[in-house]
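What follows are several structures.
What follows is a pair of complexes built around chain A, which joins chain B in one and chain C in the other.
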Partner chain A sequence: MMTRAAIIVCWVMAIALALFLIAPLLVIAAASFSPTPVFDLPLTGASTRWYGKISRLDGFWPSLLLSLQIALFSTAISLVCGTLAAIAIARGKLPGAGIFATALVSPLMMPGLVLGIALLQGFRAIGFTAPWATLLVAHLVITLPYVARTMIAGLARFDFTLIEAARTLGCTYPGGVLRVMVPALAPSFLIAGLFSFLASFDNYPVSIFLADVRTKTLPIRMLQYIEEAPDPTLAALSTLILAGTVILLVVSDRVVGLHRMAGTSD
Partner chain B sequence: MTEAALPAPVAAPAVDRERLAAIGFVLPSFVIIAGVFALPLVLLLGVSVVDANGLTFAHYKRLLGTPYYLGVIWNSLRLGLLTTLIAFLISYPAAFALARARGALRSVLLATLFLPLAASVIVKAFAWTILLRSDGIVNETLIALGIIEDPIRMIFTETALIVGAVNIFLPFMILPIYAIVAQLDPRYAEAAATLGASPVGTFFRVILPLTLPGIIAGVALVFSLSVSAYVVPTLLIGEKYPTLATTIAKAYLLAREPGFGAAAGVVLLAIAIAVVALSARLSREPK
Partner chain C sequence: MSESSPHLVVRGVSKRYGPTTVLDHIDLTIRRGELVTLLGPSGCGKTTLLRAIAGLAQPDTGKVELAGRDITNVPPHKRNVGVVFQSYALFPHLTVAGNVAFGLKVRGAAKREIDAAVERALSLVKLGHLGGRRISALSGGQQQRVALARAIAVEPDVLLFDEALSALDRKLREEMQVELRRLLQDVKATAIFVTHDQDEALTMSDRVAVMNKGRIEQLAEPRELYLRPASLFALNFVGLSTRISGTVLAADNGKVDVETKLGRMSALGNFQAGSPVIVAARPEQLRLGEQGEANSAAGRVRSVVFQGSRTLVEVDAGAGESLLAELSGRDGAIPRVHDEIRLSWPVTETFAFPMEAQA
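Entry: the complex of A and B
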């Protein structure tokens, strides 16, 4: 077994890693309450005035709305398409299922920026230039791999003969799917939706090439604010986004358990 | 003859219908991946070898033939290699501790992994610009501890870049390693010890080979993410550390040189494909 020294090294590393990972999030939250326009840390007082200034950031509301719309629509479409594809792959009736599964998740390993310029060229070539629609279509490629990966992993553990068993016990086929398959796959579905929503909402490298002056997603706006004039208003905005993420994570943890996510992220 | 031909028409419709349904199920995803992913990448390859006069390799010659752009490629690779190496050295031992943790401690440790993973890259990079300022917390802590006397310049240095990149991509290293380590049967190590292996021998001949799939997955993921990172170098080091990613963005957003930007994109894509191919090959090797 492991020697005592090795075990101590492991624990020191794990605790250092936890502190290192959480540090930037704590700093952002602390800086958002800074009483002065510079990030005076440790805090000498506390002020919530920066939160009030968020809504006055140039172009904030349209960007937030755009990012939410794109993330919601692309996640919804990807959940439907990705789950159907994962079912076909898991049932084993599809010729070349392995290759297809690899192709579906392959955008995850490809540089986002390269996908961004490729889509810009491609959309231009066919005269498809409406920013909102191009962003939505582009974000399908960002969200679909997350759904496919999580649903393929989830379905690999699902026994399709359970549906047959339900039918033997008197269920109709749709009834069997609804009462056996849907509950069994709901956790994977929720995790897939959560991560694909976050991937779309946070995307910068693809969106930047498809946005125009009037259609900018929230990450594009935020990078612009940081480069122009970073002040605690941005920390306040970042803290609110973090708080939203924490709520999403806590709710999903309550529903499905965080440990499941570690298992599916291979 | 009639007998041999008989079973086929009877069995075929059911199989065909299932196969047809399967194809119908994957069709929407196939259309998305082929039309919005594969096809545009092929088109990009085309854009990279044409200019106003027709077919040309001038963009690649400029990219691979001038010392400045070779330096740019090296900057990208260096960022990827350093980030991957440091992330691995921290994650590997930590994954073993995480796998041993139970109860509330395990929940807290997992939360510290998932929360940053779910948090925006821009938010985290912005946090590091605050942390690493010359009057920031890192400098003040180092001064308070007596490690340095005067604030050192950290933001817009390579140190800031690597610290930020490791911080942002670390969860992608530890999660695949943790997934493997958590399933590791302790009896293998016990058996090795029983058979006379030293702790070091057990580690290198039993534990390391068994956890290799997790390492390969983590290394491939972190390298391909960090080699093409854009937000992190833009906010933490800026103009003086040009990478392939920042060069691509500049070519498209400022210089209006799509051909050259496409060529830089193809080089970055080639690096990513090489990493994926190598990791797939390595994880298929017999143990």
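Entry: the complex of A and C
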């Protein structure tokens, strides 16, 4: 009897939490189709005109391009460097590997604001002020921990004998890495890349310290819009970003399976 | 190439890791179609020797020749060896058939040829129906078979097994030993097994190389290895034995008289008088009571272990020495614990070995 009651409590909690987490997203999506500049419930109709206004937002395209560039470059660099570092930690008998592993993921535990201020002062101290480059380096600090953490976990389960097996079957060493190690670690690469990209793309607290008038990432630009003109255009933009993320996740699931990405399978 | 010509030749191969000598001038010649086991405790160098043959470890000195070709400096992907690893090392992102096809695909074989070879290899290991499965959906025994099929599919000049059966449970392992031996003989494969399991070595091989501290102590057929061990190490590592320490009193033409704490004994061996030796005999040579031309000793039965067709009797002979007899029970009653008994064994089955640090 008690266990039954306990299970029901847990069910209710699970459903309530899911609603709590999804509700704001639903509200944003609904607001984006609002026919009036002021969002009111119940909706009196639906309109897509706010979507049309997105592209006419002041400075929207440069900011989107900048955010995509920074997210793509920082993810690509992190994937290469983070994987190599993870190999050293998971495999290379590196002295003090545990310390390096902790150091690599430590930015995850640091508040973004602290990180932002630290980076700003650090860059100023060495006279490194080019906005685009400082943003990229700062975002590497954000994305590297995601890649390092995921790849260390993935490599810990990777049997390096697989490469030897490939070599005895006719592969060169690089060939074995490409034909066996990379595909076997594909789920890890995908999840690392995904989280890295998303972490960079929506980062605000670090970027705000390094942006200048001409170099503003999309999240900074969006906050500026909301201060200037709080109409549903921003809701439309948010909905698009949300849809893009969902598509990314669904495609990833189709490719490798979310259960493998979460690391819960075999 | 004829059946008896050397197929794999290892000549003076040495390998050091830092201060440790892992392989100490190994010489080993294997004929085409022969099944040879490298048997020894962990750290004896057997896996390193296998890896040197596969090209995964580079020897410091010495040469390796395979099928008439010097492969000492040939990288593993050009050696045409097949390796079955202890962990199987199956590719998780490929299906069963994908794993078996891997070597042929890398070699750039035609698709029709690959399909035929995969089907042949999989049916050989009785997995013909599982080609489309994912590796993670297979049992340990099935994975072992896939690893074997993958190694066989490329028709290697030599098959190398690195503790390949040790991950299987005992019953399955014993079945696989017999089946694998038959399969390898059917396809006329030349194979080297690395194992620390003496039963596996005796079951699977035409010849066994007992390895210790980077050297081959003895290379012999299983039967000879058991009946005529060349060293104390080989005696200890394969099978059970009674061992009594003593000092050589007199030597005569391959025979020695040894003074032990259990009395004077005779044994086969070449030693100078005064040498400290161990005299040893296999437990099945020990009989209850006296017999002619035999060594004998008496003592009190310490334990009796019934093992089906045989019974192992351990006797405390005093002076810190013990005797181990394997009695079939056919020639007389099996003694009981605390019985005072006398055991004897023929001089021709008693061997003397130089006393050495026990392995």
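Side notes on the structure shown:
By our rule, the second predicted complex is superposed on the first by the 256 of 266 C-alpha atoms of A that agree within 3 Å, B and C clash if a C-alpha of one lies under 4 Å from a C-alpha of the other, contacts with A are read in each partner's own complex, and residues count from 1 in each chain.
We adopt the following convention: contacts are C-beta pairs under 8 Å (C-beta built on N, C-alpha and C of every residue); 3 or more make two chains touch, one makes a residue touch a chain.
Note that the structure is a prediction, hence the values are computed from the model and not measured.
Residue contacts after overlaying the shared chain place A:Asp231 against neither chain B nor chain C. Ranked by how many residues of chain A each touches, chain B and chain C are led by B. Look at A:Met110: by the touch rule set out above, it reaches chain B but stays clear of chain C. Chain A residues 265-266 lie at the interface with chain B in one structure and with chain C in the other. Those residues of chain C that touch chain A in the shared complex are 54-56, 75-77, 79, 81-83, 85, 87, 89-93, 102-103, 106-107, 136, 150-151, 154. Contact residues of chain A toward chain C in the complex are 159, 161-162, 164-172, 175, 179-180, 183-184, 186, 265-266.
By the touch criterion stated above, chain B contacts chain A in their complex at residues 15, 18-19, 21-23, 25-26, 28-30, 32-33, 36-41, 43-44, 47, 90-91, 93-94, 96-98, 100-101, 106-116, 118-124, 126-131, 133, 136-137, 167, 170-171, 174-176, 178-180, 182, 186, 189-190, 193, 199, 203, 214, 217, 220-221, 224, 227-228, 230-231, 234-235, 245, 248-249, 252-253, 258, 261-262, 265-266, 268-269, 272, 275-276.
Per the touch definition, chain A reaches chain B in the complex via residues 1-3, 6-7, 9-11, 13-18, 20-25, 27-28, 31, 39, 41-42, 80-82, 84-85, 87-89, 91, 93-95, 100, 103-104, 106-107, 109-115, 117-122, 125, 137-138, 140-141, 144, 148, 194-195, 198, 201-202, 204-205, 208-209, 219, 222-223, 226-227, 230, 234-235, 238, 241-242, 245-246, 248-249, 258-259, 261-263, 265-266.
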